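Both of the next two complexes hold subunit A, though its partner changes from subunit B to subunit C.
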Partner chain A sequence: MIRTFDLTKRFGKTMALDRVNLDLPANSIFALAGPNGAGKSTLLHLLLNHFRSDGGQSEIAGVDSRKLSPKDLQKIGYVAESRHLPEWMQVAEFFRYTSQFYPNWQPDQLRDLIGLFRLPMEAKVSSLSRGKRMQVALAATLAYRPQVLLLDEPFQGLDVLVRDQVIESIVERSAESTVLLASHDLAEIESFATHFSYLSEGRLKFSGDICQLQSEFREVEVVLREAVEIEVPGHWMNYSIQGEYVRFTDSKYAGTDAIRERFQGVADITVRNLPLRAIFVEMAREGQKS
Partner chain B sequence: MIPFRVELVPGEPVYEQVVFAAKKAILAGRLQPGDAFPSVRLLAKAVKIHANTAQKVIAELVGEGLLEVRPGIGTVVTAGATISKRERGKLLHREVESLVVEALRLGMQREELLSAVEAGWHSLSNQVEV
Partner chain C sequence: MILTIWKKDLKRLWWGILLTTGFLVRLAFLDAMRKESMPWTEEAWLSLLLPLSWIAILGMAIHEDTPGNSRAYWASLPVRWQSVVAAKLLLAVTAILVPYGIATGLILQWHGLDWTSYAVELAMKQLHVLAIVVLPGIAIASLFRNLSQAILAFLAAAVFAGISLEGSGLGLTKDGLLLVASMIWLGLGGRLRLKVGSKLPGGIIKPDGR
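Moving on, here comes the complex of A and B:
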């Protein structure tokens, strides 16, 4: 549903995106993570042909981004905080107005979302809080049941209850749409995202299935019988040794025996699963070192 | 709403956590044989997980014989659903672990804890229907 091939974008001398290759399976909820300025929003803009790329290609809903027609855009949803909303309209008016552009508009779906988000239909868009604006934009998008949904930082600045409602509305669509979600709120996405990718300084550092990621990453602590320096394999991240005590994050964990083999005389090994958030931190730390 | 609680903890596969919670509910009798099990859509929505994950959870429970598919109705809890001894141990693993940790923190001796469990067992086992 979404694919990029060596997608590249420069802003002046800055490489905003550097040969990014992505392939989102249909019906995935694909989290695009990375620090601010990593290029997450730029990637979404390129997919939607808001900017021209400086190299490579991208495809969305089966169409080359550069050839998107208004008809194609009816199948695509895009929600971002930076997105313009008509401030002078009442919420109800905004929905009526938006519905004209989408033949597939589903009044029932909208009614459910209005109920779920408790949207004030009489209020003016300009008077809405940050969270409510996001929900109004999301409701207006989900109401036409897009096949592809792009969300840019949908949880930023939302309180816990509102976040929960937003997540609920996204998973509701998960059997029928493909979602690309740019966020650094990893704790929020861990439970419902199917894929995770990590973008840093315009480069894709990692991309893959969350279940696989969780099964491959382990925090490892080893107590040695005596302190010894060894050659550290590339997939051991943030390796540190203090006397007999060794700590690292294994990014290709394959059982304790594989670890034991690297050392002479292991007294004890402790292995822990890592939350996505911690995996992300480990990746960021490793990225800073290189 | 769904008839069991799932508190998702980060770091462990979501799929396993939900299967675990469902098994616990069935074994504890919160879900009785013949009771309807939530649909994929409802489960996904209530626990806030991907529909594919919810699908996988239900398929796993059906595969293990805890749920059965009734055409036209949906999935229901199988009559006489049982779980192996090893699985039963696994279901309480977390509770046992936290009980032991708490006991150690309180400075309890092993025998003290065991007799407390023993006493609890005696006073409750007659009241709780299994």
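Moving on, here comes the complex of A and C:
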């Protein structure tokens, strides 16, 4: 549904995306995380052909992004916090206007979403809170049942209840759509995403399913009998040693025996699972170091 | 899709179109009644106000669906940018050129002349409004994201064109020079913003998409 091959984008001297390769399985909920300026939004814009890439290529809904026609765009939904909605329209009018662009528009589907989100149909878009705007945009997108759904920071500024509603509506429809979601909100992502990738300074640092990620990442604390310098493997992130006490994050954890082999005289090893948020922080720290 | 966007713009800007048509009717009436042009009269003020209000209408229509803005709502709709530009031109025809054409025809009628005998001259007037107001207006509105900035830029362009006219020894006619100035503006707008989507120069939109 979505694939990129060595996708590259520069803005002047800034490398926004550097040879990014992604392959999203159909019907997955794929979370794209990374710090500000990592290139998440740029990737979505390139997929939608808003920008021309400087190298590589991308496909969305089985079509080369550069050749997207209006007919192809009818199968793609895009919701972004930064997107400008027509402020002067009433919500009902906004739905009427948008429906004219999509032959597959489903009024029943919209009715359900209006009920779920409790949207004020007579209110003007300009009078809506940030959360309500996001819900209006999401309802207008889900109403035509897109095959591919691109969401850019959909949870920003939403309260807990609204987030749950938004997540519920995304998950409900994931059986028929492939979702690519760019977000900082790792606690939310963890609860429903099936796949995760991490972008930093335009480079893809990890891409895979969340179970795999969580099985591979461990926080490790080692107590040595005596302090010793060793050659640190590349997959040990944020390695620190203070006397006999060693701490690092193993991004390819393969059991304690593999760790023991690296040191001579291990007194104790403690291994902890990491939640997605902690993995993200470790990756970000490692990125800053490098 | 062109008609959908056009209808949406008409629905939003009907009051502005009504107001400018009111200005136009009044101006046509004053033109038909007077014998000599007088500076700083109601007619002179209306002559200044009318193109500015046209520019304001165009600016509002363009700013909602700016061709080069990837954050604009239309950018994710299944629409080609050419359709958006065509819808805006159609709005300009409906809100500016058609009323202007009718008004100039009426002035001739009120002066006791048959407008059909002046069809070519009337068509040329339409082309002048298109070249001097509509196209530069669209280009300037596309360049500036703020409506007041767009109007000021248009005024600056008009003043620049006026000064060039006064100081030029090029032997160009007033209309010819204004046409050249407006084409420069249009070219500038076309280079910077009207080439949307895949053809958009990277420097206009920041790396974060804004």
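Assume the second predicted complex is superposed on the first by the 290 of 290 C-alpha atoms of A that agree within 3 Å, B and C clash if a C-alpha of one lies under 4 Å from a C-alpha of the other, contacts with A are read in each partner's own complex, and residues count from 1 in each chain.
As a convention for this text, contacts are C-beta pairs under 8 Å (C-beta built on N, C-alpha and C of every residue); 3 or more make two chains touch, one makes a residue touch a chain.
It should be emphasised that the depicted structure is a prediction, and the values quoted were computed from it without experimental measurement.
Asker: Check the residue A:A187 against both partner chains and state whether it touches subunit B (first), subunit C (second), both, or neither.
Answerer: first
Asker: Does subunit B (first) or subunit C (second) touch A:E221, or do both, or does neither?
Answerer: neither
Asker: Just checking: does A:D268 make contact with subunit B only, subunit C only, both, or neither of them? Give me first, second, both or neither.
Answerer: Touch status of A:D268: no partner.
Asker: Mind working out whether A:D159 is in touch with subunit B, subunit C, both or neither, as first, second, both or neither?
Answerer: So A:D159 meets neither subunit B nor subunit C here.
Asker: Which partner does A:I167 contact after superposing on A: first (subunit B), second (subunit C), both, neither?
Answerer: A:I167 contacts subunit B only, not subunit C.
Asker: One more residue to check, A:A278. First (subunit B), second (subunit C), both or neither?
Answerer: The first partner, subunit B, only.
Asker: Is A:D64 touching the first partner subunit B, the second partner subunit C, both, or neither of them?
Answerer: It touches nothing on subunit B or subunit C.
Asker: Counting residues of subunit A touched by each partner, does subunit B or subunit C come out ahead?
Answerer: C
Asker: Which stretch or stretches of subunit A touch subunit B in the complex?
Answerer: Going by the criterion above, the answer is residues 27, 29, 164, 167-168, 171-172, 174-175, 187, 190-194, 211, 214-215, 272-278.
Asker: Considering only the defined contacts, which subunit B positions touch subunit A in the complex?
Answerer: 8, 10-15, 40-41, 44-45, 47-53
Asker: So in the complex, which bits of subunit C are touching subunit A?
Answerer: 1, 4, 8, 12, 64, 69-73, 75-80, 197-200, 202-203, 205-210
Asker: What residues on subunit A touch subunit C, complex-wise?
Answerer: On the subunit A side, the touching residues are 9-12, 14, 16, 36-37, 39, 41-42, 44-45, 48-52, 66, 70-74, 76, 78, 80, 82-86, 88, 97-98, 100-102.
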